[in-house]
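First chain written, first letter: the chains are A, B, C and D, and each begins at residue 1.
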Amino acid sequence: MSTSKVATMRDAVAELVRDGDTVAIEGFTHLISFAAGHEIIRQGRRDLTLARLTPDLIYDQMVAAGVARKLIFSWLGNPGVGGLGAIRRRIEAASSGGPGQPHPLEIEEYSHFGMVGRYAAGAANLPFYPLRSYFETDLPKVNPLIREIESPYGDGVVYAVPPLKPDVTIVHAQRADAAGNTHVWGLLGCQKEAAFAADRVIVVVEELVDEAVIRADPNRTIIPGLIVDAVVVEPFGAHPSYVQGAYDRDNRFYLEWDAITRDEDALQAWLREWVHDLDGRAAYVEKLGSERIAALRPGPALSGSVDYGSYQ
Amino acid sequence: MVGFQGYAAHARARLGPMTDSAAPATFSQSEMMIVAAARELAGQRVCFVGVGLPNIAVNLAQRTVAPDLELVYEAGAFGSRPARLPLSIGDPTIVTGATAAVSMLELFSFYLQGGLIDVGFLGAAQIDRFGNINTTVIGDYERPTTRLPGSGGACEIAINAREVFVIMRQSKRSFVDRIDFRTSAGNLGGAEQSERIRRQQGWLGRGPSVVVTDLAIWHFDETGEMRLDSLHPGVTIEDVRATVEWEPKAATDLGSTAPPTDGELRLMREELDPGGTYTG
Amino acid sequence: MSTSKVATMRDAVAELVRDGDTVAIEGFTHLISFAAGHEIIRQGRRDLTLARLTPDLIYDQMVAAGVARKLIFSWLGNPGVGGLGAIRRRIEAASSGGPGQPHPLEIEEYSHFGMVGRYAAGAANLPFYPLRSYFETDLPKVNPLIREIESPYGDGVVYAVPPLKPDVTIVHAQRADAAGNTHVWGLLGCQKEAAFAADRVIVVVEELVDEAVIRADPNRTIIPGLIVDAVVVEPFGAHPSYVQGAYDRDNRFYLEWDAITRDEDALQAWLREWVHDLDGRAAYVEKLGSERIAALRPGPALSGSVDYGSYQ
Amino acid sequence: MVGFQGYAAHARARLGPMTDSAAPATFSQSEMMIVAAARELAGQRVCFVGVGLPNIAVNLAQRTVAPDLELVYEAGAFGSRPARLPLSIGDPTIVTGATAAVSMLELFSFYLQGGLIDVGFLGAAQIDRFGNINTTVIGDYERPTTRLPGSGGACEIAINAREVFVIMRQSKRSFVDRIDFRTSAGNLGGAEQSERIRRQQGWLGRGPSVVVTDLAIWHFDETGEMRLDSLHPGVTIEDVRATVEWEPKAATDLGSTAPPTDGELRLMREELDPGGTYTG
């Protein structure tokens, strides 16, 4: 696996993300690849099905930019702040649907465990994933893909969710080698399951490291290069989400988004200024300014080193 | 788990600001609600924490009545000791110094569905007399008047945590006779049905045990229905009736909630929420 | 969780392992708690159901000592060397079963994935675990607990295995704190699943560390103290298996076992000399000798440290 | 995956020692078998490694015809670069310096059943003409004359690896008309049934593609039956017939296996197996 998969974000998205794809930019609060989402907007992809447990600001922006046809999710909001205006308008549009209204967004809804189970079934080539959730709730009534399954041991019925196999999964990580072997620490979310379930995988990293750094700590490897198609080096590419140990979540941005997302014009203006008028992440970072970035740097908290032992 | 502080803000925006007239000027109804909720965690061991109001209540409890409380965040953290009050439940401060950081598959499979959670702390947009919760839509699902966040992990927490605490502001829009969508199971149609189905389904949770609002503390009686047990300072039973769509049951020995102590207020105002994000 | 769970092996086994229990001493080649197995023999437990993917030498020894009634497993042998004589004689005894023969050992057999899936279902409180294995093989014919289950999505039938919930699971690890929060590195096997599935958990460690060492690297935590009943500090407690970074697998022992296990008398003599006549692991280690132990120490191979960041 | 070197040793013990008379004195039949098996891995990318004979063959291949071969061990290691030949497939040397060390649940779910393995390398105690494998019992399951190791991961590897290589010694006891127990699926009753069932079951593996023995190299013809393709040096077709219970098919252009090179022998004797554990 000595062949390098390092690519620019522009080339990776151009080659691996196609109109009509099911795309999963995963990462639960932690490690959300805003850089990839913005590049998908810049390249004008259309009719995407966007899958994510928590659509978060990145999907609000992508929906506002018109790249999406459908949303697969489990929790829709700006955590601790409010709603996601663009997505909400597209969903609530269904109720009025007048000519002045935006085109309704198709939705397919689960719970967090259901979404994680869907990725896990996809990754494991299983026809379904069983869980105890949903009985006596209204979710199965509005989502016919959530189905009952009877235990072969005569102890009752549980529910099943179907496998979710994205055409492309995009994850952000602290570091990877040129072959795509990827280390992640902090919250792991469901990136591993989403990546193994996908047909194509793009890994975006803060830092490109030598293979030896990965092999020095094999238990830290979340995604093997074996399933990775492109490695994009994009420091600060997860802002305004965060990277454990590298930078903090920019809560100020999440709070400020509440006003922007309520106003379609303000949102479109934001997209022009921060996405369309910039040619990539480097420009975005420069526009943010070194002061804002410096304020997000955490102090150190080292894990310490363990000894795997040399066995000759 | 769901961020109700967020939804509640919207609800308030729609309903117009709620006045604090019923409470002394020294503390807000939100502060009373958070303090009362925190106190309910006394003696509890492992708590699954929701964003927003549950989050601040639980962090207050860890600093007061429940110092050994193990915090579990659905994002994949166990044994968190947040150095600051996280705005989101996926904040880096819940990981640094935590006992374990695991995948969500592991957290939902082994910790939650596996039955290791004592208390699941939920918010809600609508709740009915049996503690069934709606966090999905107001109005029809296909044609919602208001689209809410949805389940997140709430429907899983509601059935797998040994017991469920709910914290929410009460009004005729939130304490309703019939919820528009059942996102998370409470006592279903009542205690009898709830116990039968929970046994039959192998759920490890007994369901909701307490609801703390901006006006009062509710528990559940033997029929599985919510029962008013304590009124916050300055709140009258009329205030409660005026904010509940059904005719609420009240305990014969109706108590009155002790007001926040200076220590509790100081912790919230100076340490946990100096900006007043939750307590304003 | 400031209460200490540290106990001696004698007390931990006396209190937590009971006659008739289903016991899982897990660890795939790596981290097998021979120390616990030997203490169970010394305390004369009876009618145990022993669960393990690979019974290995430890269960051969326990079966020879008469503690077991039944074996649940997926691969029976001395890897790369040969068979497990005591277990084999007890199984093959079924064919002759004469008075001179030992009492037949009941067996329940799966594949590795099936065993891991059983622990996973037990840990997740699921009524079954689905997998694609077994179709068109003879395993389901001899094990009625391996059953077909139909996908609710109309795409065919897979097999299911039932949850396995040991009364007690015993795992060896590099280090834990007094509350039982446990770090493991190297091969992870299925210890996590077996521990979460169990009613009681004993963690045996090379080193007891301060809680701060665990909290410095939360992604390294495999088992939380929440599910641990006792922490036993037993350096070299996994010999002749190994502990990544601490000592090597004693292959010489595994090779020598082949001759011992073929001869019931030699096996019983070994048990007397190395188990019954010793009062614990410390005596076993002393008997092995410092030279043998020194020869098993690996050279260093450090993981390096990562930064979780301090977020005040 | 199973340790057949171990079982084979027992089998030999029962059968009496196999002579190397058919092979020149410069190398043993075992060495020829291992070398021939290693060469079959040329051009392969990801190999799931069994203990014993597959283990040494794969390690030899990584040092000769397939330097980029990614080794996967069921114990939970991916991208291993063993500094020494591990006796067991759970040896610490497969972890230190590996690309990833993961739980067995993850390895079997995502790597194997998920379809990332190109070649599964298995040993066998008994094999039939269609490549179905027995590693469980000789005789009746309830009353076995010889209890074998069982499946381990073999039955999973047999259906999920894109193709399956088998390495084993051949004899009338191992190359049998009917195996006593079907542990791992090969071409079932033939190519047609195998393809139908593999499609219907959603198996990602195509089944066995090569069997390398101490006497010869076999592939599978369009009917799914084993076909003799190459005889090792000094081995005659009669030697093969004398060690197969059924009447074996042979390729019209029957080849002869190139003997081990000095380089291959040196690697085995000096680096991989100086003790002669596998090659003796």
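Criterion: contacts are C-beta pairs under 8 Å (C-beta built on N, C-alpha and C of every residue); 3 or more make two chains touch, one makes a residue touch a chain.
Predicted model only: the values in this text are computed from it and were never measured.
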{"item": "Intersection of contact partners for chain C and chain D", "value": "A"}
{"item": "Touching both chain B and chain C (chains)", "value": "A"}
{"item": "Longest centre-to-centre distance from chain B, chain (CA-based)", "value": "D"}
{"item": "Contact-richer chain pair [A-D vs A-B]", "value": "A-B"}
{"item": "Rounded Å distance, chain A centre to chain D centre (Cα mean)", "value": "41"}
{"item": "For chain B paired with chain D, centre-to-centre distance based on mean C-alpha positions, whole Å", "value": "59"}
{"item": "Between chain A and chain B, centroid-to-centroid distance (C-alpha), Å", "value": "28"}
{"item": "Centroid distance [mean C-alpha coordinates] between chain C and chain A, Å", "value": "38"}
{"item": "Multi-chain contact sites of chain C, meaning residues that touch two or more partners", "value": "120, 125-127, 131-132, 155-156, 158, 185-186, 188, 192-193, 216, 219, 244, 248, 298, 301, 308-312"}
{"item": "Junction residues of chain B - those touching two or more other chains", "value": "77, 91-92, 95-97, 101-102, 109, 113, 160, 202"}
{"item": "Pairwise touch network: line, ring, star, complete, or other", "value": "other"}
{"item": "Pairwise chain contacts, counting only pairs that touch as defined", "value": "A-B, A-C, A-D, B-C, C-D"}
{"item": "Residue ranges of chain A touching chain D (in the complex, touch as defined)", "value": "1-2, 120, 123-127, 181, 192-193, 196, 214-216, 218-219, 221, 224-227, 308-312"}
{"item": "Residue numbers on chain C that touch chain D, as the complex places them", "value": "28-30, 53-54, 73-83, 88, 91-92, 94-95, 109-113, 116-117, 120, 131-139, 142, 155-158, 185-190, 192-193, 242, 244, 248-249, 251, 254-255, 298, 301"}
{"item": "Chain A-facing residues of chain D, complex", "value": "46, 68, 70, 77-79, 83-84, 91-93, 95-102, 106, 109-110, 113-116, 160, 202, 204"}
{"item": "Residues of chain D touching chain C in the complex", "value": "2-3, 5-7, 9-10, 51-52, 55, 74-77, 87-92, 95-97, 101-105, 108-109, 112-113, 136, 139-156, 159-160, 181-185, 188, 197, 200-203, 277"}
{"item": "Residues of chain C that touch chain A when the two form their complex", "value": "125-128, 130-132, 147-149, 151-153, 155-156, 158, 160, 162, 174, 183, 185-186, 188, 213, 216-217, 219-220, 244-246, 248, 298-312"}
